[in-house]
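Chain nomenclature is as follows: A, B, C, D, E, F, G, H, I and J, assigned in order of appearance, with residue numbering initiated at 1 for each chain independently.
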């Protein structure tokens, strides 16, 4: 089941730079593992911003919550979620 | 080059139903041709709405404008556009 | 799987009153069937408005879309959707 | 009398982690007591967020204020309240 | 139990003037009856607008819904509702 | 002359608790004096919030500014003001 | 007593042009009479818009309401009102 | 003197197509004359929309108003205006 | 050339009180000099707020920027600017 | 390929003034190099603000992201991006 998730990172300016670097390193490793697992299907940068557009493929709402709330940057992001499903005009039976 | 495009259809309630059906049929055919051409890469319905989330793969901004403004439903939609590019944490060289 | 759905009805003032009555009658019958089926778990009026707060229990996002887009009042409503899941502080294993 | 209450937690990033943990522990205990008392009827997490959707069953507006303003996380949350009542299409005489 | 209700009238410009006059006359009679009944406690015009600020004194949420949704101008108004209760700094035990 | 004033308190989380308590005590004393003087006509808590709805009865705009800007919590509140006057449907000649 | 009033004209596109011209002529005459009376102190066009910024000098809120609601274009305008008073840094005792 | 002007065209769906075509033809001729006169310095389409971003070079605010309010599409557009001036980091003395 | 400028002061709560007082004193002196020079034509307090409505009379956009960005409170204010010009219904040739 | 980029600088008030000066100096040097390279085509100050309107000429979305995210002030700015293309009414084949 697919969800579009948009995340905008808003790091407090007085966060220590080493702490920020450490959080971002964990975020990257975590996101890459989820990509390899086929859960984080797509991950794009929105050009000119510190935001991304992502497509998640999860079992249900609870799985989405588990994954998103475990993001190391979760406390520092504005996040919007949209549940997706097949569009009647799609030519793909299972567009992921 | 990728763009995320979100479209929300707002048909006037006094549009004749045949006219609406004819516009929607043309929209479907047009969108399916663009999907077959590899331009309209992804097309998802946002669950519980008359909206979609789409990913377009076009040569440049002008191509995006040509394609989107030719949508039969173009006069009846709220549309937002976000330019996308590779995310530094993506494991894909060319995620489309 | 649960979703919170909020709907605000905005009937065009020049809709014929018989047509409006007919749509509302079908909406009522449809919603009551879904309630009897255990899909439309809760349905409350927001006091002082023409809005409702609803909880849907569906199999997945696609089922939500099928059900909501088939509402007779669908073309005349502003609708927002929020995917729900178990809250870690809930005392219920399966709060529906 | 029912109210829908939506809460979004916004903890300041420079709150000491022990203080945050202590507040959250008190919040959990308090919310579970209210659930056992039948006052906090439903408590759901909004998937992909640090928000919840809740249904409160209280005697009147004053009781709602007493309960909500006593939440340990009250100073750190954005809260919206909607008064609810029976919907004319509900099949339940007393949907709680 | 008190509620603050704010109403902004938005009459469609193509409503027949006799029909508008008839609706407004019924609205006036209805509101004055509710004022005499002690339900519509206060009714003020917001200066420079077609809006009012009102205080309703009702038994519960359901009573508020019955009264507000029966307003002849109900289909033509934007309405916001806020549940009120005693303020801890009020010098009145029962400020109505 | 009446004004509706809505105030939402937003205390910075790192304000010392004694300082906050001292400001709130002065606010309470000040507001109660204004209520006894017949200036702060009504003061209600909005249920489920740290907001109030108030009705002020002052000589003119300048008096409103003097009174509101002298509130001890003034630097910590979001405030909206609406000038009020008699509503043509009011049954009271001088509703205060 | 001064108020800043901002008005944006939104004429329905299907208003008959003669009717629109007649309303605008009455609006102009009415506004010029109020200017000559010293009530409508300032009237400026916001460049690049169909909006104006105005300063009214009236006895009280009720007078403002009487004057603004009698504008021939009143049903076709978005209007915002701000009560004004002397600024402590003004060098004028009575800036109008 | 430069202004950035953003215009979004919102043609009513029930405008006769010949009338719309005639308005657009006049708009095009008018805008091209202003471009040749060096007044409408830049005119870009926002990709994926019925909007443009424009830079006007006019003598003063009044000239801007005269030019913009005379646009044949003026009654059918949402317009925002921003006054521009030299940026201290610009390498151009007179960037137009 | 006239501009309406609206300013809302938002002083950080942890600004030292002497520093705040010093900035405000400079702001007052600066604004009074500009008033004496005929540049800051009008300066009004918005009643019940820490905002003002001002009318500036400057040579061009660049002069406005020079003057506004030199305000001692500039870093602590939300500012909106509207270019003004003569209104066709104004009875004054040069309303300042 | 052109993009309009609007940037509003929001420096935290407790940033050390030397650090702010150093960031701004780097921002200026960086922006002037990009202007000399023909990438940052236009750079205007919005009068009365700490914002700019800019036109970038880049190869693609990825280049825009590289350039914008490398701005020394990037962490301290609100940024909006609009992809631009030739307007059908433009008299210029290649308006940059």
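Heads up, the rule we're going with is that a residue touches a chain if its C-beta (ideal position, glycine included) is under 8 Å from a C-beta of that chain, and two chains touch if they have at least 3 such contacts.
Which protein is which chain? UniProt says A, B, C, D, E, F, G, H, I, J = Muconolactone Delta-isomerase.
The shown structure was predicted, so the numbers you read here are calculated from the model rather than taken from an experiment.
Colleague: Please identify each chain that touches chain D as well as chain F.
Modeller: E
Colleague: Given the pairs G-H, H-J or D-F, which one repeats the contacts seen at G-I for over half of the pairs?
Modeller: The G-I interface is reproduced by H-J.
Colleague: Calculate how many whole Å lie between the centre of chain E and the centre of chain I, each centre taken as the average of the chain's C-alpha atoms.
Modeller: One centre to the other, that is 39 Å.
Colleague: I'd like the Å distance between the centres of chain C and chain H, where a centre is the mean of that chain's Cα atoms.
Modeller: 44
Colleague: From the C-alpha centre of chain F to that of chain G, how far is it in Å?
Modeller: Measuring from centre to centre gives 28 Å for this pair.
Colleague: Residues of chain J touching 2+ other chains?
Modeller: 2-3, 14, 45, 47-48, 61-62, 64-65, 81, 83-86
Colleague: Chain pairs in touch?
Modeller: Here the touching pairs of chains are A-B, A-C, A-D, A-J, B-C, B-H, B-J, C-D, C-E, D-E, D-F, E-F, E-G, F-G, F-I, G-H, G-I, H-I, H-J, I-J.
Colleague: Within the complex, which stretch of chain C touches chain A?
Modeller: 1-3, 60-62, 64-65, 81, 83-86
Colleague: Give the list of chain D residues in touch with chain C in this complex.
Modeller: 2, 4, 27-28, 31-32, 35-36, 42-48, 52-53, 55, 82-92, 95
Colleague: Provide the residue numbers of chain I that touch chain F in the complex, in ascending order.
Modeller: Where chain I meets chain F, its residues are 11, 13-14, 45, 47-50.
Colleague: Across the complex, what residues on chain E touch chain C?
Modeller: 3, 5, 12, 14-15, 61-62, 64-65, 68-69, 74-76, 79, 81
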